[in-house]
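After this come two complexes, each holding chain A, first together with chain B and then together with chain C.
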Partner chain A sequence: MGIYEISLATVVGINIILALGLNMISGFCGQISLGHAAFYGVGAYTCALLAKNGTPFAAAIGAGMLAAGIVGLVVGLASLRVRHDFLAITTMGVGFLFLGIVRQQEILGGELGISGIPSSGFGKIGYLVMVLALAALTTVFSLWIKRSWMGFAFDAVADDEDTARVVTVDVSAYKLAAFAMGTAMAGVAGGLYTYFARFLMPDDFGFITSITVLSMVAVGGIGSVFGVIVATVILTLMPEFFRFISDYKLLVYGALLFAVMRFAPEGLAGLAGRVFARTKRKARLEDEAT
Partner chain B sequence: MHMILDIQHVSVRFGGVVALDDVSFEVNKGEFLCLIGPNGAGKTTLMRAVTGVIKPQAAKVRLAGKDISHLPTHKRARLGLALTHQIVRPFQSMTVLDNVALAAGHRRIARILPAMLAVDRSVERQRALKYLKLVGIDAVAPKSVVGQPLGVTKRLEVARALALEPEILLLDEPLAGLNSIEAARLADTVADINREGLTVVMIEHNLGEVLRVAQRLVVLDNGRKIADGQPDAVMRNPTVRAAYVGKEQPHAAA
Partner chain C sequence: MLHLELLIQGLIYGSMYAVIAVGLTLVYGLLRILHVAHAGLFALGAYLGLLITNATGSLVLGMLSSAALVGVGGMLIYRLCYQPILNRPPHVALIASIGLFIAMEEIFRLIFGPYGLTYQNPPLQSQIALGEIHLRAAELGMVIAAVVLLGILSYLSQSTRIGIAWRATVDDSDMAKSFGIDTIKVRYLNFFIGSGLAAVAGIFISLLSNLVEPTMGGVPAYKALAIIVLGGLGNVKGTLIASLLLGVVEAFGTIYIGSILDRDAIAFAFLIVVLMIRPQGLFAGR
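After this line comes the complex of A and B, so read on.
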């Protein structure tokens, strides 16, 4: 593996953690968020400032996670009363608010960003292995939550909030939990990105990043852990392998998002499920025929 | 018989429209009370105000002596108020069984952290199956709720409410949309459950079934309570007859 492949794989790992975080909020709990990049940014900037002050790697990443989770909790609290499209607009506003603040703060580097972030000290390969290990951990965590009673309650909140309340689900508490966990995961991804890129620009955490992550979740199949992972890998690598896509990245993502919502709202996971069901039915029919 | 649910001075306005005007009544433990009245009388609104789904302008609601007027819906449900919807609202992403299993696991989801750590659903699914059997739809337990006929989803609402192990079952038109055989069967099931000690408050338009199973009637008309008492006596009440068949016209007899 060359240096290029290693860094590509590292980005894929970071994006998986980022996308699974949004999947926790939008996929499991049904709360749309168009501002996920802001929490990614909170994690990255927190981690960058601490790293530059000599904080050890694990502590800086942990602080990024905590900071993003706390900001996520506050945004979640403020968003409890808004639903659906209003929540989408609110979270989009949070994304712009984050950029607006970062651009004006000298301590955060303003428009010039933060450079001179120290190395993680693991080496390229070591760092990749660690990122992939964390991505695997995030995957296991996501699968566990989906199977747990918490995931069961999330299903109810995503389906119908009012009915969830009638069957004793504390809707607010579960939404906040989803926000806190999903944004904390974005914070970890942000911290990992900081040590990977070692140079942060405000635009890395802008609206386009939020939409990119949303595309990964939607194309993969909202709520499906493996669907989201597959879509993240494809959408991260596609612009790299087909250079022309890189120039038209937004166009391609926009078209993909539109096509998925229009033709396969359950994403790749839904498509795979349908194909699987069809072959199973066909096999059964053949069984009956013989 | 002692009082379990005490509903006092419930008033609800939607904008300028008065939906409920100072309605009060009590529900005694173990009784089967039917709430009847013409369309738009405010029956559903009253149930929604009691469970906290809508916020009334004024209301005092006490459940087993405890003031629950200011509690959010999920807390009232935990204390024992189970409501079914007139327009069925099953959780669309779940199977018939899991719709009930979630309610059966109401203790598991009460706290976030234990809910996060617990994975096993088998006990709750077994209990859910018992409730599905009780209402007679256990055959479709593993199927998705999407595409199930109204006869199934109506009974699913009742099973889900029962799975909460409530103190009081509040049923909003559980028989509407069922054919007469299904309706009679579900009414019998609810009456059986009531005989085993569960308090039932049922909103229903099917007067035949109401008069067959109800022990007491409360009648609403235009947001006001117009009668409260034994079914025979209430049905003989001229105000109730007028509300149902229209105001008596002096020359109508001719």
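After this line comes the complex of A and C, so read on.
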């Protein structure tokens, strides 16, 4: 692998952690968030400031995770007040608020961003291996949550909050748990991005990034861990495939997003399920015929 | 004096927010869709208005034909994009709409170039003095247009058969249908009027800076969403008040806390504070 492929694979790994975090909140627990990039940013900026002050790698990443999780918990508290579309717009507001604060603060680098972040000390390949290992860990964690009692309760909250409450599911606690875990994952992704890019700009964590992450989740099939991973890989690499038409790559991206929602609203996971069901039925019919 | 000027600036912007947001809140009231691509139509309106005005030399002609064309564009978006996915969960239409908006911005950039277009002879640029307040003609025109258009809209919805059918459909679509109202026609009408209004707003905003650029829909898109949420999603009167309020809060906010937060962040900080106190928006929707 050349340098180019290594950095591309590293970005894919970071994005998987980021998208699985949002999948926890929006997919498992049904709370649509349009501000996921803000938590990614909280993690990245925390990590960057600490790293520049000589904090060791693991501690800086951990602090980024903690900071993002705490901010996420606060926003989770907001999700207890507002619901559905109101929540979507509130989280969008959180994203803009984060950007507004970062842009005006000297200590966070303002419009110029933060540069001169030290390297992780693992080398390019070592860093890639570590990012992919963390992405695998996040995947296992997601699958484990999905199959646990908690995942079952998340499902109930996503499906119908009021009914869940009636059958004594503690809706507030589970929503807060989903927000805290999902945003902490975004914080880890942010920290990893900091050591990867070693240069942060406010726009890296803007509304477009939030939308990109949400589209990874939605295109993959909201709530499906493997669907989200496949969609993340495709959507991260797609702009690279379309580099020969670089001027049109955003147009293709927007159109694809629209087309998937218009023609396969359940995402890749739903599409795969449909194809699978059809081949199974066909096989059964053939069995009966013989 | 400063306060009066800030108040007036706020109301000027607020009135334009209102013209943009009304279309959005009507779509939400009718279909429960957060119609982000509305801002793409806003930018399309600005482009068409500028091109027609530059070609014919008449701003009125540019504005009317742009509003009509963009209105038809809005109807097409409803037919081709939203109608087939109406019974899906809300995030499906939202993401489809965002995808559409990104694609529209890119199309503008590819066709008209990334740097934007300007009016050859920018109309409405003279200064008008009202007492001690100096306004540009475009700003005054913006407020007058907002009052006139929203006045007409209010008359239409209160006193004509179409308007009554419209309100009935927004209130209870199934009931309206059983009374013989063609609810599909109402939806088309809704998109036509809402999109036409967005086009007019786009033209006035572009007159203020004499610039039409591909990304001009971005900021109004998000702010209009904030406004309709503030106004209590689907509530037209609430949306109008929220627009003016947000315009004024932004105008004062940029002067007094501009060093801590930028203009957009002030708007959203205000939104979040209000929602924490009143989770249903300032004026509860239905």
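The rule we apply is simple: the second predicted complex is superposed on the first by the 280 of 290 C-alpha atoms of A that agree within 3 Å, B and C clash if a C-alpha of one lies under 4 Å from a C-alpha of the other, contacts with A are read in each partner's own complex, and residues count from 1 in each chain.
Quick note on the criterion: contacts are C-beta pairs under 8 Å (C-beta built on N, C-alpha and C of every residue); 3 or more make two chains touch, one makes a residue touch a chain.
What you see is a predicted model, and the numbers here were worked out from it, not measured in a lab.
Participant: Between chain B (first) and chain C (second), which, if any, makes contact with A:E5: first, second, both or neither?
Facilitator: neither
Participant: Would you sort A:W149 into first (chain B), second (chain C), both or neither based on which partner it touches?
Facilitator: first
Participant: Which holds for A:D159: it touches chain B only (first), chain C only (second), both, or neither?
Facilitator: A:D159: touches chain B, not chain C.
Participant: Quick one: is A:D170 in contact with chain B, with chain C, with both, or with neither? Answer first, second, both or neither.
Facilitator: first
Participant: Between chain B and chain C, which makes contact with more of the residues in chain A?
Facilitator: In the superposed model, C touches more residues of chain A.
Participant: Across the two complexes, find the residues of chain A that touch chain B and also touch chain C.
Facilitator: none
Participant: Which bits of chain A are touching chain B when the two form their complex?
Facilitator: Spelled out, the residues of chain A in touch with chain B are 144-145, 147-150, 152-153, 155-156, 158-160, 162-171, 173-174, 177.
Participant: Residues of chain B touching chain A in their complex?
Facilitator: Interface residues on chain B, with respect to chain A: 51, 53, 72-74, 77-78, 82-83, 85, 89, 91-94, 98, 101-103, 105-106, 108-110, 112, 114-119, 121, 160, 164.
Participant: Can you list the chain A residues touching chain C in their complex?
Facilitator: Chain A residues touching chain C: 26, 32, 78, 81-86, 88-90, 92-94, 96-97, 99-101, 103-104, 207, 211, 214-215, 218, 222, 247-248, 250-251, 253-259, 261-262, 265.
Participant: Spell out the part of chain C that touches chain A in their complex, as residue ranges.
Facilitator: 28, 32, 34, 81, 84-85, 88-96, 98-107, 110, 222, 225-226, 229, 233, 259-262, 264-269, 271-272, 275-276, 279-281
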